[in-house]
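Same chain, two partners: chain A is paired with chain B first, then with chain C.
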Partner chain A sequence: MADDTPLLRLDKLSTWFRTDRGPVKAVDGVDLEVRAGESVGVVGESGSGKSVTMLSVMRLVPSPPAQHQGRVLWKGEDVFGWNARRVRKFRGRECAMIFQDPMTSLNPYLKIGLQLTESIELHLGLGHHAARGRAAEMLGRVGIAMPEQRLDDYPHQFSGGMRQRVMIAMALSCDPQLLIADEPTTALDVTIQAQILELIDAQRKAAGTGLVLITHSLGVVAGMCDRTVVMYAGRVVEEGRTEDVFASPRMPYTIGLLKSVPRLDVRETRLVPVPGTPPDPQRLPSGCPFRVRCPWAEDRCAAERPELREVQAPGAARHRIACHVDVTTTPPRHDPASFGKVNP
Partner chain B sequence: MGRYVLRRILWMPLVLFVLVAASFFLIRLAPGGPFSAERSVSPEILANMNAKYHLDAPWWEQFARYVGGVLQGDLGPSFKFKDRTVNQILANGIGPTVMLGAIATVLALAIGLVAGTIGAVKQNSVFDYGSMSVATFGMSVPNYVTGPILVLVFALTWKAVPVSGFDVSFALWPMFVVAGMYVLWRGAEWAKSGLGSVTFARESACFWLLVLLLASCAAVTTLVGSPKLILPSVTLALPFASRIARLMRAGMLEVIGQDYVRTARAKGLSETTVVVRHALKGGILPVVSYLGPAIAGVLTGSLVVEKIFNIPGIGREFVEAALSRDYFLVLGIVVLDGALLVSFNLVVDVVYGFLDPRIRYD
Partner chain C sequence: MTGEPLLTVRGLEVHFPIERGVFFRHEIGRVRAVDGISFELRQGETLGLVGESGCGKSTTARAIIRLVQPTAGEVRFLGHDLATLDEETMRREVRRHLQMIFQDPYACLNPRMTVEQLVGEPLRNFGLSTFGLAGTGDLRDRVTELLQLVGLSPRHLDRYPHEFSGGQRQRIGIARALAANPQVVLCDEPVSALDVSIQAQVVNLLQDLQDQLGLTYLFIAHDLAVVRHISDRVAVMYLGRIVEVAPADEIYDLPLHPYTVALLSAIPIPDPAVQRSRHRIALQGEIPSPTKQYQGCRFADRCPVKIARCHTEDPPLVEHRPGHVAACWVTGPNGLAAGAMGGRAD
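Now for the complex of A and B:
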C-alpha cells in the first residue's frame, strides 16, 4: 500500500431509502478520508446521517430498500464492487464495528465464547481451542476478570459496561485495520463512559488501528480524535484537525454546536442552543440545508448549495467547510441574541 | 432445573385428578347411558347390568371406585366390548395413534420450520407469498374437509395412494445413513479441533436441526414403506405445518431485524451462518411455545382423521365410545391423552429453557 493511499476514502457517497412517501436521502455526497492509524470523529445531531454513512461503508444497510451512489474505497478498491465473499473478509477482518447499544447487539441466546470465537475461527483460521484461547486473551485485555470462565456465560450475565467491553474485544479480536465505533457509550452509565472510551483508545493505539468514532458528544471527539468531521443533514459541513475545528470553527453549525456545550473554563452559565430543529430529510431547504437556522444566512445560501472548500488553517493543515460565508469577517445578520456572540 | 422438573412431575397427578373428576361427571350429564341403545332389555336385566358395573351405586361411590381402580392401573371395563377391558383397548389403539401423531408432528415441524424460515429470509418473494397463501388455507380449512378432498384427488381420481386402512413398515436405515454422513462431514473438524466444537455446534440450533432432520428421514421412509399412512398424516399435519410456518416466519422476521443479527453480519459471517446460528434460536421460540397446544391439537385432530381413514387408533375408539356412552372407555382415553399432553408440555418447557438461557426455573 502506497503511503498516500488512505485506508478508507468516501467519494461523494450517497445513500437513500425508498419509502412510501418517496426517496429519502440519508447520506448526501459525503467525502471523507481515514488514514492508517488515524482517529476521526464524526459529529452531528441525531439523524444527520453519521451512522448510515458508516453502515454503508460496511455494506450493512440492506439494499434494497437502500440505494448507494458514489464510491467507498478501501485502500483504493471499490467496496461496492466486491462480491459477497470479499465483503465478508472485509467485515470483521479488515474493518470492525462497535455498535451503540451493547444490550441488544450481543446475541442473548448464545454464549459469549461462541460469539467471540466464531469470527476468530473464521478470519484467523484458528482451531476451536486456539480460538478460545485468543478469545479469553481478548477478554482479559479489555478488563474482564476470569476470562476463561466468562466465555461460558451468556450476555445477560454481564452488565452494560461489561457487554460493551465484550463488544470491543469482539471487534478487535481479528486485528482489524479500522475500527468503527458507532456511539459506543451512548447507552451506558455516565461513570462507565470514560472507561470505555479510554479502553477503545488504548487498545486501538496499541494495535495501530484506525478509528472512526461516531458520536454526538463534542467532548469525546476533542479528547480522542486527530480529525473532526461535522455532519448536518447527511452532508459533511466542516472537516479539519480537531484543534482547528474546536479553536476556530468556520461553519455556523459547528459554532452553534460548540456554543451549546457547557465549558468549565468560561464563566458563563447560559448555554445557547442551536435554534430550530433538524430538517426533514424529505423536505430539505434549497441550497444550504442549515440556512433556515443560520444567523449568517444570505440570499446566496438559498440559491446555491455550498460545496466543501478549503479554508486557511494554522500550519497549512487541511480545514474544509461547506459554507458561503466567511464568519471570521462577517457579523451574523439575524437574531444574534439567540445564537450567541460570534467567536472570537 | 432438576427441582423444577420434579415439582412439575409432582403436580401432574393433581392435574390429572381434576381432569378425571371433570370428565367423570360431565359424561354422566349426557342423556342416556351405556345400555340405552340395546333394544328391548327388560328392566330386570338392565338392573342386573347396572348392578354389575355398580352404576346403581351413589355417585360418590362410583367415583371412588373408579379413581381407586385408576390408581391401581385399572381403567375399568368397557361396556361396548364386553370381552375387553379399557386397558386392552388402549394398549391396542395407542400404537397407531402415536405413530400417526408422531409422523404428523415431525412433518409439520419440518415443513413449517423450513417454509417459515425461507419465507422470512426471502421476504415478499414468490415463495413467501405462495407458502403463506397455502398456510392460510391450511389453517382455515378443517381436517374433516381436507381429508375427504385429499382422498378424492389422490386416492380415487389419481389412484396414487390407498384410500384408507392401516399398516406400518418401518424403514429407519436412511436415518442412520444421514447420521453417518453428518459424522463423516463434521468428523474431520472434530478430530482437528477437539470435542469442544461439538458442544459449539450443539449450542447453536444446528444440533436440533440435525435431530429434526433425522426424525424427518424416519418419518418419510416410514411413509414410503406404508403408503396407507400418507394421506392421514398429511391431513393431520397440514393445519399444524401451516401454523408453525406462520409463527416461524413472524419469529424470524422479528429476530432478523434485531441488532445482534446486524452484529453477526458485521463480523463477516456468511448469510447461512447468520440465519442458522444467530437468528434461528430466537426465531424458533414462538414455535416451541406453540408445540404444547400443537400436541393437544394432534391428539384431538387424530379423533377425526382416524375416523375418516379408518385407522384403528384410540381416536376412533374415543368417538365411538362417546356416542355409545361407554363411560370407562371415554374416561380412559381422557386420562391417557391428558397424561400425554401434560408430559409434552413439561418437555416443551424444558426445551424452551435450553433454547433461551434467560429463562430461570424457580
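Now for the complex of A and C:
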C-alpha cells in the first residue's frame, strides 16, 4: 500500500431501496476520502443519506433488497467484492462503528463482559482470560469505575452515558484503523455529550485512529473534525477543511444552515431560516436538489445536475462544492425572506 | 417591553410517589421532579427555561397548566390559584387564556382529524364559535385566519396530519394553541424535534406572533443557544430547582452559578476558531437520581468550586446583580473567580 492511498475511498457510491412507489435513492453518487488518522465530519439533516452511506461502507445495508452502485475501497480493495469471511474481519477489526442509540445497541440479555470479549476473542485471538483482562482495561480507559466488577453487569445497570462509553470501549477494543461514529451523542444530554466527545477524541488521537463523525450538529463538527462534508438529498454538496467550510462556505445550503442556527456567543435579533422543507427523496427536483429552496437558483440549476467541482480555498487546501453558482461574485437572485412563510 | 407579573409561581413542588406492595401499598420514596421553585412571568416577555433531561422543566409547565397535580405551592394567574383551582373553573375560565405547544408534532395531533377540526376544536370547546347556530361558515373563517397567521394556507383545511412535514405540523399545533386567543403560551421544546433548517422558521414564527398578538411565553428547551436567542430572561434548572435566572444578554457573558458555567461550556459553537479555543469544563459524573434527598446544594456532588457549607446548607436564590439571581454560596456579583472551575483549552 502506497502512502497516498486513502484508508477509505467512496467512488460514486449510490444506494437505493425498492419501494412500492418506485426506487428511492438514499445515497446518490457520493465521493469521499478518509486518510489514516484523519477526522472527517459528515453533516446533514435527517434523510440526507449520511447514515446509509456509512452503513453501506460497513456492508450493513443488505443487498438485495437494497442496490449499490459505485465502489467502496478500503486501502484500495473493493469492499463489495469481499466474501463474508473477509467482511467479518473488516467489521470490528479494521473498521468499527458506534451507533446513535446506546439503549438499543447492546443486547439486554447478555452481560457487558461477554459482549466485549466476544469480538476481542474473535479478532485478537486471545483466550477467555486474556480477553476479559483486555475488556476490563478498555472499560477503565473510557472512564468506567471498577471495570473488573462491572464486566458482570447487564446493560440496564448502566446509564445512557455509561452505555455509550461501553460502546466506545467495544469499538476501540480491537484497535481499528477507522472509527465510524453515527450521531454518538444525539441521545445524550449536553454535559454528557461533551464528556463522550472528548473521550472519543482523546482515545482516537492516542491510537492514531481515523474518524468519520456523522452528526447534524455543526458545533460538534467545528470542534472535532479536520474536514467537513455536507450532505443534502443523498449527495455531497460541499467538502473541505473545517475552517474553510465554516469561515467561507460556498454552497448555498451550507450558507443557509450556518445562518439558521442561533449561536451562543453572538446575539442576533433574527435568524435567517432556510426557506421551504427538505425534499421528498421520491420526488427530487431535476438538476440540483436544493434549487427549490435556493436564493441563488438560476435556470441552469433545473436543467443540469451540478457535479462536485474544485473551488479556490485559502492556503490551497482542497475545497469542493456541487453548485453551478459562484456565490462570492454573484448576489442572491431572490431575497430569502421573500420565499414567504408558506411552504408549498 | 415587559411589564407586570402575569403569572406567578411560588414554591411549586411536584413529587411523584414510588409505591411498593400489593395489599398494603406504601410509599417507599419520592421522585422530586420539581422541588420548590418560584418565578414570575411578566406581561409580554419570553422566559426561557433550560436544563438537561430530568431536571423538571417540562413537569413545571405541566404543573402550571394542571396536566399533573402539584403537590405543593401556588400558581397565581388571573386572580386564581391554579394549583388548587377546581377542574370546572380551570376549564371554563383559565385554560383558554393559558395554552401549551408540545414537543412532538407527530404525537400531539389526532391523526383522524382534519386540520379544520383540529384547529377548530378549541374554538368549539370554549364556545368561541357560533358553530351549530349559523352553520360552519363562521368557524371555517376563523380557522382559515388562524392558518394564515401561522403560515399555512386555506387549501390545507381538509387535509390530515400525516400529509404534513414536521415543521408544518408544529405550525398546526401553534394554530391550535392560539385559537382561543390566550395570554400565556407554554412552549415545551417546540423546536427540538424539527430539522435544523426548519427550527429557525418556527422560532421566527413564534417571535412574529408574540409581536403581533402581545403573547407571553414560557419557552422550555434543552438547547441553550435557542433559548437565549428567543428569551428576554433565562432560568436554568438543575434537579428540580431553579439555580439561576438572568437577563438573556448577561447569561453567556456572566454566568453566576457553577452549573450554568459548565452547561454553557459544554454547548458547542459552530465556529472552528471559537470552538477550539474555548475552555471546556468537564463535569464529573452524571445527574443524580431525583429520588435523593438533599440537605445542601443539589449540585455540590459534581461542583468543582464547592465548599463545606454546600453540603449542609441549601443555598437560596440571591440577587447578585440587577435582575440576575443565583443559588450558590460561592458565587458573587462578578461570578466565579477566573480559573476556579478548572477546565482547559486545546
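We take it that the second predicted complex is superposed on the first by the 330 of 344 C-alpha atoms of A that agree within 3 Å, B and C clash if a C-alpha of one lies under 4 Å from a C-alpha of the other, contacts with A are read in each partner's own complex, and residues count from 1 in each chain.
Operating definition for what follows: a residue touches a chain if its C-beta (ideal position, glycine included) is under 8 Å from a C-beta of that chain, and two chains touch if they have at least 3 such contacts.
Just so it is clear, the structure is predicted and the values come from calculations on it, not from any experiment.
Visitor: Overlaying on chain A: chain B and chain C, fit or clash?
Guide: With chain A aligned, chain B clears chain C, so fit.
Visitor: So in the superposed three-chain picture, is A:Ser119 touching just chain B, just chain C, both, or none of them (first/second/both/neither)?
Guide: After superposition on chain A, A:Ser119 lies in contact with chain B alone.
Visitor: Contacts for A:Pro278 in the overlay, against chain B (first) and chain C (second): which applies, first, second, both or neither?
Guide: A:Pro278: touches chain C, not chain B.
Visitor: Contacts for A:Pro331 in the overlay, against chain B (first) and chain C (second): which applies, first, second, both or neither?
Guide: It touches nothing on chain B or chain C.
Visitor: Is A:Pro65 touching the first partner chain B, the second partner chain C, both, or neither of them?
Guide: neither
Visitor: With chain A's C-alpha centre as vertex, what's the angle to chain B and chain C, nearest 10 degrees?
Guide: After superposition on chain A, the angle is 80 degrees.
Visitor: Of chain B and chain C, which one contacts the greater number of residues in chain A?
Guide: Counted on chain A, the partner with more touching residues turns out to be C.
Visitor: First (chain B), second (chain C), both or neither: which does A:Pro23 touch?
Guide: Neither partner.
Visitor: Touching A:Gly208 in the superposition: chain B (first), chain C (second), both, neither?
Guide: After superposing on A, A:Gly208 lies clear of both chain B and chain C.
Visitor: Taking the superposition as given, does A:Gly219 touch the first partner, chain B, the second, chain C, both, or neither?
Guide: In the superposition, A:Gly219 contacts chain C only.
Visitor: After superposing the two complexes on chain A, what is the shortest C-alpha distance between chain B and chain C, in Å?
Guide: Minimum C-alpha separation, chain B to chain C: 9 Å.
Visitor: Of the residues on chain A, which ones does chain B touch that chain C also touches?
Guide: none
Visitor: For the complex, which residues does chain C have touching chain A?
Guide: 52-53, 151-153, 165, 167-168, 195-201, 203-205, 207, 222, 224-226, 228-229, 248-249, 252, 262-276, 280, 282-283, 286-287
Visitor: Over in the complex, which chain A residues touch chain B? Could you list them?
Guide: Touching chain B: residues 58, 60, 84, 87-93, 96-97, 99, 101, 104-111, 114, 117-119, 122-123, 127-129, 132, 154, 156, 167, 170 of chain A.
Visitor: Can you tell me which positions in chain B touch chain A when the two form their complex?
Guide: Against chain A, the touching part of chain B is residues 192-194, 196-197, 200, 203-204, 258-271, 273, 277-278, 281-282, 355-358.
Visitor: In their complex, what parts of chain A are in touch with chain C?
Guide: These residues of chain A touch chain C: 45-46, 159, 161-162, 189-195, 198, 216-223, 242-243, 246-247, 256-258, 260-265, 267-268, 270-275, 277-278, 340-343.
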